[in-house]
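Across the two complexes that follow, subunit A remains constant while its partner is subunit B and subsequently subunit C.
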Partner chain A sequence: MRVIRMIQKGLLTALMGVFGLLLLFPIVITFTNSLMTEQELTINYGVIGKLTEVTSSGAETFVNLKWLPDKVTLEQYGELLVYSPNYLLLFWNSAGLVVPIIIGQTVVAALAAYAFAKLNFRGRDSLFLVYLLTMLMPFQVTLVPNYIMADKLGLLHSTGAVILPGVFAAFGVFMLRQFMLHIPYAYIEAAKMDGAGHFRIFLTIILPMVKSGLAALVILLFVDYWNMVEQPLIFINDPFKQPLSVFLSRLSGEWDTVFAASMLYMAPMVLLFLYAETYFIEGVQLSGIKG
Partner chain B sequence: MKDMELSKEQVDRKRKKWISAVLLLLIGLLLFFTLFSNTLQSVTLPKVRAEPAASGGVTYKLERSGVLQPVNQADLLNLAGWRIQKVLVKEGEAVKKGQKLVLYDSSSAERELEDEIAQLKKQSIALENIQDQFKLSMVDGDESAIRSVRRELATRNIDISMQQRKIDGLREQLNRQKELTAPFNGIVMKLNAVEGLASNGQPDIVVSNLDLGYQLTFVADGELVDRFTLVVRQPIELRVASEEGNQPARSLEGTIVEITDADSRMVDSPEGGAGATATVRQKQLRIHVADADLKGGEQVTVKLERASSGRGWLVPNEAIHREGERRFILKVEQQRGALGNVFVARKVLIEAIEATEWETMIPADRLYEGDLIILESSEPLQNGNRIRLQ
Partner chain C sequence: MKKWGFLCVPLGWARWMRRDAAAAWLFLAPSAAGFAVFYLIPFVMGVMYSFMSNTSGGQFAGLANYRELLASDSFRKAAYNTFYFSAVSVPLMLALSLGLALLLNRQIYFRKWLRTSYVLPLVVPVASVIIIWQMIFDWNGALNYILSWFGIDRVDWMKTESARNVVIAVYLWKNIGYNVILFLAGLQQIPKDYYETAQIEGAGRFRQFFGVTLVYLTTTTFFVVIMSIINSFKVFRETYLMAGDYPHDSIYMLQHYMNNMFISLDIQKLTAAAALMVCGIMVIVFGLFGLERRYRQFME
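This part shows the complex of A and B:
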């Protein structure tokens, strides 16, 4: 019996190891390739983007996926950081979109979630249902109305057209409400007895209790909006005002920087996740939401 | 259990510290490069100076100036080395044939002449003595004495005629050398004679021959001479620069009288890099001018201009590089990237259709309107190098 359990455990570990490696593989490849020279990258990946030519000539050529660079160099990073000031501009563009959205949505969502979870008013649950519906609809469905609205508000081709829908998205409300539902009503009653108003209750009692939820929300929002492509692509037409995500989606054939650009693009996300990892896992577990 | 939790919390806090430090470092790094990448770029990228190519044809220009020299001139000098008594002309003065130019102090020669005349007189008197002796001998009838006196007489006669010739020679020399006269109609080009001094070995006066006119010689690149189809006996226009600037420049008609090969010129070839030289075939031209108002020594300029028949892009010669037998220029190419435009040096192979000393015409299909040609760069450039426009 013990042997069978041990074998089971071993098998599971091996399986998880394999999956873990599979998940890590793209990141590792990106990192090692970011240290390659442009020539090496062109030799290995030059065939991408020329696939039509290759097929028309009949010759079969494959991308040569390489683990380790022949020559380790920081050329790509230098090229990116020194010779492409626009890359950094786009990086700050991304930050300029993501930071207001996260702050805005967290504030709005926390207040709204408090109302939905702990206040009793007429039509509360039906209103929440409507909220949920907007979240359940895919982005593409609301795209056209959003576009028309942004146009009417005069926000088209400005960052506001991306930030405002982000700030008032329903996801944060939904997630934080789930957290707040877990908080026993007794806490609020006790505070009320001591003469605390709603705002005081919200700030001093509720918020500290949903700290892990807030952290999880911040990370999820960051990942979500750091990676958004369609919204800025549609609402912002100036390529120099668009965020990094749009730029990376357009990178093809520019082998000199593509991997380093991806590495720098990933870095804030990875660091943020590592920083708030414990809260995040806790928060996701508590709310019952999976990223 | 509680200890474990505590130490776990400590580890967690330490980890967070680390991560936040890395995050801050990353943000700081990106911020630094955002602010300073332009500065760093300017330090590392080669700086170039570029200009748009001009469209058109080349204009050949031949511009040479020189000083008009008389075709023929005479150096007049006094061989006797006498002191100069009087100078009758000034430099630049026009003189007629036979006109007296300089008078010399001939007193010593005159004294010598007088001495010689006195000597002749003495010899004549001595001759009379011999003649008297001869008569006496005839009377005596002494044969040997007569013969001796006759020989004496003949010797004296020879002496006298020698003396006479010497006097004639002296007189002639005196007449000839006590003054300098102009050998032809001309202009006093140079006056070395100073009153009161003897000649110093140089000609006292240099007189140009007005009747034969003036000439200008200059050297020009053979290719250019061919280009202008200059031939002997072809008229050519010359301009005389005004002397003080108050007279307007005058134009003269000259004639090419001679075209000869001159020594080749060595030039630094801009294409071949440092130390490389190329030889340029050269020709010497002699132009004859006849004009009554000329005095010689005028600064004249020959200016010829001719536009080429073909048209193309004009490229300054400094922009042309050479690689073996092939010639190329570097132009600025704008590469559109996802991160904005990048300037790159692009090699364009050319062949010169026509060229002058400073520019070359290349075929019109080599460049597009508005293309920038790199004239100068802070570092040697290769095809595809990234550059920074000045």
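This part shows the complex of A and C:
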């Protein structure tokens, strides 16, 4: 019986493993290909995007999707990091957009979440509903008014037009509120008895208790904004101020660097995720549990 | 002195701060101000523009913009595509992620590693895997190569109706892990004794699944559905990066339409389209919430 159960367990694991590998495939192949030489990549993938020549000859030409490089080399990385200062600049741009958004949104959202989760005021629930609704809307919905607003505030074509809406986005409020709802009122009552004001309570009781929520929020925001494409595309028209995401999408066919560039771009995300996976998953799960 | 008077009222201040409502507004102030400027006011402005003939000093035009919008073929196509995509991909996503979560929740080796591999695509930036999608779905791409082993003719994935399937695949790849961890949380909240009771009462595996698991996953499922719909709108980013402003007809989404209206400065149509999309999303979200409330009352 035990053997049968173990075989069952093994088969199920194998099945799930195959599926997992399928999902990991794009990530793994990006990594291994980033270690190939330009020559090898051109030979393997040169046929991409070439349609007519191939069909007319009828020859079976396909890309040669290769797992392992013939010769492992760091050429691509060298090319990027040493010979194209542009890449580093764009990387820096990405960081320059993401870091202020994360810090700003976390601070602003933590304050607001306390009010929504633990304080009573008129119109609280309807205001929260409005916050929630904007979270659900695609970016394009408020594109024009946002553009006009940025113009009026003199933010157009500067990074502020991307950073400020990020700082005040509703997501952080929503998530931290979910975390704070789980804190029992008794703690707050006790602190009030001792004569602490709301700000003291917030700093010394609430914040330490939602530490994992803050960590989860930072990761989720990092993932979300590191990935943004539409906002910088519309609001920043100076190519030297664009983040990497916009630049990378134009890089296909440049076999000397494209995989290394992709790899360096996803590396911070992947490493951060692996490092703080439990926070990430807790954050996602808690935001899904009704408060 | 009087000008700075409000700074030297420590006694009254402390008492005032202790009152909830006043404190609440202070805590809320930074967020509410920014939220109003960057979200609420733009939203209201957008709705107003959609009823005006011209953005600057225009006149009230009633429903003229909407009439024009609804008459436009490309809008109808975009709306249909967006609706179609969500209608196909969300149920598919639901079934797949629930299945995976159920399997992950069973006796299995390497559970944590498997979960990690399902969630990892979520954190990978879209722009950095575009090149891989191109390598797979190109006319000369890897997928056609695999099909050729089985003697199946090449498909031009990105430039025919099949583009729909590509977008669905990319959407599933990216978002499945998110829903799997939501479902896992839901599954772990179901008390074990419910299954034991069901077993004692003679319920089979099948009955247990429908009678216990699905029933207690209802709240989670509603949340997953809402998030999946929202995320299905975000797939625009992938299609945009893969296929540009004007992709194949079958994957021309509402967001493409709005983006292009923005570029061609057709503000009336853009704002009207945005208002309609907001209405659509609100109908879906409130509809689902209403449905859930009904369902819960029914259960109790």
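Convention: the second predicted complex is superposed on the first by the 262 of 291 C-alpha atoms of A that agree within 3 Å, B and C clash if a C-alpha of one lies under 4 Å from a C-alpha of the other, contacts with A are read in each partner's own complex, and residues count from 1 in each chain.
Following the convention adopted for this analysis, a residue touches a chain if its C-beta (ideal position, glycine included) is under 8 Å from a C-beta of that chain, and two chains touch if they have at least 3 such contacts.
What you see is a predicted model, and the numbers here were worked out from it, not measured in a lab.
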> Does the subunit A-based superposition show subunit B and subunit C clashing or fitting?
Replying inline: fit
>> Could you work out the angle between subunit B and subunit C as seen from subunit A, using CA centres and rounding to the nearest 10 degrees?
In response: 130
> subunit B or subunit C: which reaches more residues on subunit A?
Replying inline: C
> After superposition on the shared chain, which partner residues are touched by A:F179: those of subunit B (first), subunit C (second), both, or neither?
Replying inline: neither
>> In the overlaid three-chain picture, which partner chain does A:V141 touch, first (subunit B) or second (subunit C), both, or neither?
In response: second
> Between subunit B (first) and subunit C (second), which does A:N227 come into contact with in this model arrangement: first, second, both, or neither?
Replying inline: second
> For A:F171, is the partner it touches subunit B (first), subunit C (second), both, or none of the two (neither)?
Replying inline: neither
> In the superposed arrangement, does A:F235 touch subunit B (first), subunit C (second), both or neither?
Replying inline: neither
> If you stack the two complexes on chain A, which partner ends up touching A:L274: first (subunit B), second (subunit C), both, or neither?
Replying inline: both
> subunit B to subunit C: minimum CA distance in the overlay, Å?
Replying inline: 14
>> So subunit A touches subunit B in one structure and subunit C in the other; where do those two contact lists coincide?
In response: 251, 272, 274
>> Under the definition above, what is the set of subunit A residues touching subunit C in their complex?
In response: 5, 8-10, 12-13, 15-17, 19-21, 23-24, 26-27, 29-30, 45, 47-51, 54, 60-63, 65, 108-109, 111-112, 114-116, 119-122, 124, 127, 130-131, 133-134, 136-149, 153, 164-165, 167-170, 173, 192, 197-199, 202, 223, 226-227, 229-230, 234, 244-246, 248-249, 251-252, 258-259, 261-263, 265-266, 269-270, 272-274, 277, 280-281, 284-286, 288-290
>> Going by the contact rule set out above, which residues of subunit B touch subunit A in the complex?
In response: 12, 15-16, 19-20, 22-23, 26-27, 29-30, 33-34, 37-38, 40-41, 44-45, 337-340, 342, 386
>> Please output the residues of subunit C touching subunit A within their complex, sorted ascending.
In response: 14, 17-18, 20-21, 23-28, 30-32, 34-35, 37-43, 45-46, 49, 55, 100, 103-104, 106-110, 113-136, 138-142, 144-145, 148, 156, 173, 176-178, 181-182, 184-186, 189, 219-220, 223-224, 226-227, 230, 233-234, 236-237, 240-241, 254-255, 258-259, 262, 267, 270-271, 274, 277-278, 281-282, 285
>> Could you list, by residue number, the parts of subunit A that touch subunit B in their complex?
In response: 81-92, 239-240, 247, 250-251, 254, 257, 264, 267-268, 271-272, 274-275, 278
